[in-house]
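Heads up, the next two complexes both have subunit A, just with different partners, subunit B and then subunit C.
And then the complex of A and B:
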């Protein structure tokens, strides 16, 4: 299983697309956080460390989510299309071991992509003379990696059965719904009857990326940490990974 | 002693019957040739033997201890790996001891003539090189039963001769081999016994000793042309 994970990780991080998107993300991040981008929100110029932290995390969250979807999208379909599945399965590897390893490899590659983006956050932190915040930054990275792993695992799971383009669209829908979880929650509160039940069910399934990101932001600006959204996300990750044990294609 | 037995194998894809009640067995140390026209069900049969697809009916019996090596018709590897890394990767999946695997990998690269290209990425390999690498990975772990699906396709004349020599060497070492090829002369050279498959059924079989002068091609044409003709042939066992 480790060999499969490592192979998946290596293949993903050697992708040219990953580097292009990653570099673009880092440049945008550096431009905004160093002040060269003159960031304005609602007509007000945003500058200084505290107001910029949630902005920086949102950028990292967006770019790393995009990368997580891209990294995880094709790994499993590629295995089936290239029929590398044959040479793996005949060696006594069980389908669940195979799918779990590929998903785990995708998750690791996605987190690696995310880490590369955090380099610019560390530069931003250092630029503001907040060297003491390096340690909380690592905690912040650990928290944000929950979102990345969750999205990567969800996309990997969907890609076992669905065509690549549908998986890609669904991956982005999950991300957008996850980021707008709070807004959707408020909207769901305005509905009644069966619609309410449906909306609640959808919101229960969709990960609350915004709440996790909020906690990561709180760590950096010394605000209290609420463990509930983190535990819920970890539980969702556990459920998704468990599903990789039972979902497989009929024909390999 | 039988190393593999297929009994009444059936595989249906929707309403199509790819394999329809196929039965045959392979003796230890035997080289069995699989012949049949395109769409006869040969590859589906191989996939069922390998456990890659579940039979709709019938069963495949292989001794639990039997180690199987498989060389696919269209070799498919991770393009970012080098030839050497491919063998290393599959040796790890097979849980081969690292210290024993490395010399074996070197030997297989040499055997397949890929030593000079071992650090070249797979995406830069020619079809012939991929075919030889597929053959090499099939030999990892010294398998008891080797299933070769079109091992000479994509090879030039020299490559084909070399490949057939390699298979002959393995045969002389007592390996059991299932040799699926559409090149009749290759099967004729290698196989101890050949089975003909048409429409997912066993249309007939012939052993090397039973050929006595008749070419495999003649028998194949008779079989593919109509089972009635084949039945009337004295050397042909239905």
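And then the complex of A and C:
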């Protein structure tokens, strides 16, 4: 299983798409952390390195989520397309081990993508002599990686059954709904009847990325951390990974 | 493989247990803290905000998801939500009036939604994708708690009066007003009203100038006259009664909200309430502001007005007019509501 994960990981980080998007993300981040542009947040001009850190973290969080979708989208369908599946399965590897390993490999590759984007932020933090920012930034990244892994695992699971383009669209829908989860939850609370039941069901399935982001933000400003959203997200990740044990294509 | 399975199952059990334990934690600590801050104002400060006002007199139901945490008499009870939707209000539940509020985190989301509507979808989306989303301040939340507590006080003490005031038949006044308010002359008069009221409230004179107050009242009457011209006398009177009632109910509650900010020593938040008087808001919210502004003027012109307002079936505008008359007769005299 470990060998399968390693192979998936290696193959994913060789992908040209990954490098192109990664470089674009890095350039954006470098511009943000070094530029003295006219960035304003909530009507206030943001200047200096320290206030730029949350901005950089947000942008990297967004870019790495898109990367997670792209990285995880094709791994499993490609295996079926290239008929690698048969070669693997005749070697005594069970379908569930195979799907689990591919999903875990996707997750690792997504987190690696994210970290490679964040490295330059950490370098800049050190270069500006803001060593005090190191620990909260690092913890913030660790928390944000839960969202990346969750998104990657969800896309990988969907890709076992669905065509690539549908998986891609669903991946983006999950991401956007996850980020807007808090707001959608509140809006659902203002409705009644069948619409409410439907909204509650949808929001139960979609991971709450906004709650995890909120905790990442709390860490950054030294506010108390609520472990519940993190544990719920990790449990959702666990459930998704467990589903890879039972979901497989007929060809497998 | 056996080891993998065992470790995998243990991780699952641990995660499920962690979620279960954290779910049993009940009311978020933050909300408990804010409620306690609100209760701490009962050291005499709430009496200066409104006589007899006290949050601990009513059960406060804080809603988070599908659970309501009821704080009353030092205990926190969990129950299914009484109201079908999230709401900030005061309403009878069982044999007492309850104060209903969403938890702080839900209020933050609501605030973001409301701001999204006013500031445009672009900045709303940027805010959502950012890890640092805009949140309501703690003091603002406590002030809102007191806004709803004021409604609980109104309901528990003057329910009959309020029911009588709201009795204007089957017609939908709000709908009628929304239609009429698109008229440019009414909009211009609203703008003039809010500017005049803001100037009066922020003026540094201890007792505001009676002429300015009369001008403000005149503009209000002109607005009502335009309503009458467009909708007829009967509907015009209904609109007048609706404005009076909204100002009485919501204006006083907004006044309590602003004064709570002051009691919390949050002058920045208090200033925000004051500058909101300049805004011409759509719908009934403009009467929250005008009512609040009149209350702030009555504070300076008519000490004791709070004791008389509800008991004698008065309106805020009526009281202000009386106060201006007294001020006019006796120079900078104040209007003594007790006679």
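Going forward, the second predicted complex is superposed on the first by the 231 of 252 C-alpha atoms of A that agree within 3 Å, B and C clash if a C-alpha of one lies under 4 Å from a C-alpha of the other, contacts with A are read in each partner's own complex, and residues count from 1 in each chain.
In this text, contacts are C-beta pairs under 8 Å (C-beta built on N, C-alpha and C of every residue); 3 or more make two chains touch, one makes a residue touch a chain.
Every value quoted in this text rests on a predicted model; they were computed, and no experiment measured them.
Asker: Which term applies to subunit B and subunit C once both are placed on subunit A by superposition, clash or fit?
Answerer: They fit side by side.
Asker: Just to be sure I read the superposition right, which of the two partners does A:187 touch: subunit B = first, subunit C = second, or both, or neither?
Answerer: Second partner only.
Asker: For A:10, select first, second, both or neither according to whether it touches subunit B, subunit C, the two together, or no partner.
Answerer: first
Asker: How many degrees apart are subunit B and subunit C as seen from subunit A, counting from C-alpha centres and rounding to the nearest 10?
Answerer: So the C-alpha centres give an angle of 150 degrees.
Asker: Where does A:82 make contact in the superposed view: on subunit B (first), on subunit C (second), on both, or on neither?
Answerer: The answer is first: A:82 touches subunit B but not subunit C.
Asker: Output check: A:242 vs subunit B and subunit C. Expected answer is one of first, second, both, neither. What do you get?
Answerer: Only subunit C is touched by A:242; subunit B is not.
Asker: For the overlaid complexes, name the partner, subunit B or subunit C, with more touching residues on subunit A.
Answerer: C
Asker: Please work out how little space separates the C-alpha atoms of subunit B and subunit C at their nearest point after superposition, in whole Å.
Answerer: The answer for the closest subunit B-subunit C C-alpha pair is 13 Å.
Asker: Counting contacts the way the document defines them, which residues of subunit A are shared by the two interfaces, the one with subunit B and the one with subunit C?
Answerer: Residues common to the subunit A contacts of subunit C and of subunit B do not exist here, since the sets are disjoint.
Asker: How about subunit A: which of its residues touch subunit C in the complex?
Answerer: 1, 41-42, 54-55, 57-58, 61-62, 140, 144, 179-180, 182-183, 185-187, 189-192, 210, 213-214, 216-217, 220-221, 224, 226-228, 231-232, 234-235, 238, 242
Asker: Using the touch rule from the top, collect the residues of subunit C that touch subunit A in their complex.
Answerer: 4, 11-12, 15-16, 18-19, 22-23, 25, 28-30, 63, 65, 84-86, 102, 105-106, 108-110, 112-113, 116, 128-134
Asker: Could you please specify the touching residues of subunit A with respect to subunit B in the complex?
Answerer: 3-4, 7, 10-11, 14, 82-93, 251-252
Asker: Spell out the residues on subunit B that touch subunit A in their complex, using ranges where they run on.
Answerer: Those residues of subunit B that touch subunit A are 47, 50-53, 68, 70, 72, 74, 76-78, 80-81, 89-90, 92-94, 137.
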